[in-house]
Amino acid sequence: MQNVTLWGETLRLLVEVAATAAFALSGILEGARKRLDAVGVVVVGFLAAFGGGTLRDLLLDQRPFFWVHHVELLWGVLGLSVLAMLFLRTRHFEVTERAMQWPDALGLGLFAATGAHQALLLEMPPLVAVLMGIVTGVAGGVLRDVVCNQIPSAFRDHRPYAVCAFVGGWVYVGLWAIAAPGWLALSGCVGVTAGLRGLALWRDWQLPQWRL
Amino acid sequence: MQNVTLWGETLRLLVEVAATAAFALSGILEGARKRLDAVGVVVVGFLAAFGGGTLRDLLLDQRPFFWVHHVELLWGVLGLSVLAMLFLRTRHFEVTERAMQWPDALGLGLFAATGAHQALLLEMPPLVAVLMGIVTGVAGGVLRDVVCNQIPSAFRDHRPYAVCAFVGGWVYVGLWAIAAPGWLALSGCVGVTAGLRGLALWRDWQLPQWRL
Amino acid sequence: MQNVTLWGETLRLLVEVAATAAFALSGILEGARKRLDAVGVVVVGFLAAFGGGTLRDLLLDQRPFFWVHHVELLWGVLGLSVLAMLFLRTRHFEVTERAMQWPDALGLGLFAATGAHQALLLEMPPLVAVLMGIVTGVAGGVLRDVVCNQIPSAFRDHRPYAVCAFVGGWVYVGLWAIAAPGWLALSGCVGVTAGLRGLALWRDWQLPQWRL
């Protein structure tokens, strides 16, 4: 049993690191596309990777931030930016983004779960917990796009992204409400969120259109 | 007397709900104009409706946020977004915006008063209290426009908006300083702010121009 | 000795006021270029002058903000905006910006030092302290540019700016670690930051390019 817990923890850590790298890379590539200088690329990478969790902690009044406890994450994104600038060329961008889709989807689910979890610990109402999950998963990309002077892709892409985290968040809240074990709520949320996101990309689902 | 208090409370609640709806609708319509998807429309509606009060609470370090106590407000804006997407067409936009001018102006006054009130309770200096009132009333619209990738209309419209809340805020601070009863300070602030805003729209007042 | 301390304090205050004015003016001029109305000009001036320190205090959970203790700074920027609108014409803009380069560079160093200092007092790790210094010095300009709907110049200028604060911040952290006296750490950080910035402008240094 202890062995299983250890495996679970390791898996979770792996997903978290891969997702943070995927989020950071989305910022680094966007910065490159906008022809930012080295400082801009690093900052946009930071915003994309840490913006969501930081905003969640700011809203829930949790301090110190997770990246104060895990400074190695900051160094990692800094190193990733330098590596990208040295080795990534325009022709690699699309391949990289395709490869990042799964870590990104898993990260969306993981971050939705951690956001909801923190809010539930603070006895927030269910809807607020779900929203905190979405903030954790989505706000980094929003900040990235706002700083790059474009409408956030999460708001105009018409492919479900935040909606997957919304459904996954309710799964987490529901399993929490019936006092399911923590690993079940976590994997339920990650599975549903990432599964929906995968399905949406595979079947090319579109959000319902506003007929103006 | 108790009857009057009850009436006052009801009136205040009515203004608050109407103003929140007006702020949310301004975001929903802006999102529609920018062809955002359903998620984007909802988020911009949320930002416009709750952004100002949330930023105020963040700056004054007040937790939990008002929308944690009143989750029904969140559900309300969510429902309003869905209704708007189902029933509002482009030809309704201008009519809706015209109809929203009065709830918007009253809400600006009410939010200016609540912002100043909270700051005064925390013994902030008068100017800071007035600024917190303006933040409460104006920041939601600013966030809405930043996310929609345009210069905030509150900063380039040349029709007085924040300025009305500035004057109204000083009215509130002044009446508070002479220990006037709460309902008087509140209605003074709302009356002056909404009155000035109404006059500005009616007489087409313009802010003084910077001759460059 | 006491005399020296007094001189140091006066010098520091002078730099702080000059730097705040330089930061505010950068916002006021940007607002004028974007043809904002009077409210917009004042707000962008406020954001440029106080945005960095406020974001730092928000992230480090320090309240009340420095401008609550020093309301005269708020009045000062308000007055500066009015004076600029009355007397500055387009032909003065470039001259003003050139004259502001030194106060701006000194302020970058001073704000980097105060940001790092506050983080170190809270026992943050060195990298976080350096980042807090950069946030203090740079975030105001970033907010100014985001509200003016352009990519922050700090991220696409290719002339070292945040990088100077990065180096200066490490100087501060290093001197703090070896328990150097406060005035030495402060002047070391300001000297290195402003010196590097001056050199960068004089020799026209460019950040390394990402070969895409």
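Going in written order, the chains are labelled A, B and C, and every chain counts its residues from 1.
Everything below uses one rule, namely that contacts are C-beta pairs under 8 Å (C-beta built on N, C-alpha and C of every residue); 3 or more make two chains touch, one makes a residue touch a chain.
Because the structure is predicted, anything quoted here is derived from the model rather than measured.
Participant: Have a look at which chains touch which and call the overall pattern line, ring, star, complete or other.
Facilitator: Drawn as a graph, the chains make a fully connected set, so complete.
Participant: Would you mind reporting the rotation angle for the C-alpha fit of chain A onto chain B, rounded to the nearest 5 degrees?
Facilitator: Angle of the fitting rotation, chain A to chain B: 120 degrees.
Participant: In terms of residue numbering, is the interface formed by chain B and chain C classified as same (over half shared) or different (under half shared)?
Facilitator: different
Participant: Could you please state the distance in Å, as a whole number, between where the Cα atoms of chain B are centred and where those of chain C are centred?
Facilitator: 31
Participant: Among all residues of chain C, which ones touch two or more of the remaining chains?
Facilitator: Residues 58, 61, 146, 149.
Participant: Which part of chain B faces chain C closely enough to touch in the complex?
Facilitator: Residues 58-59, 61, 124-125, 127-128, 131, 142, 146, 149-152, 154-158, 160-163, 207-212 of chain B touch chain C in their complex.
Participant: If we count contacts the way the header does, which residues on chain C are in touch with chain B in the complex?
Facilitator: Touch residues, chain C against chain B: 31-32, 34-41, 43-44, 54, 58, 61, 63-65, 67-68, 71, 74-75, 85, 89-90, 146-149.
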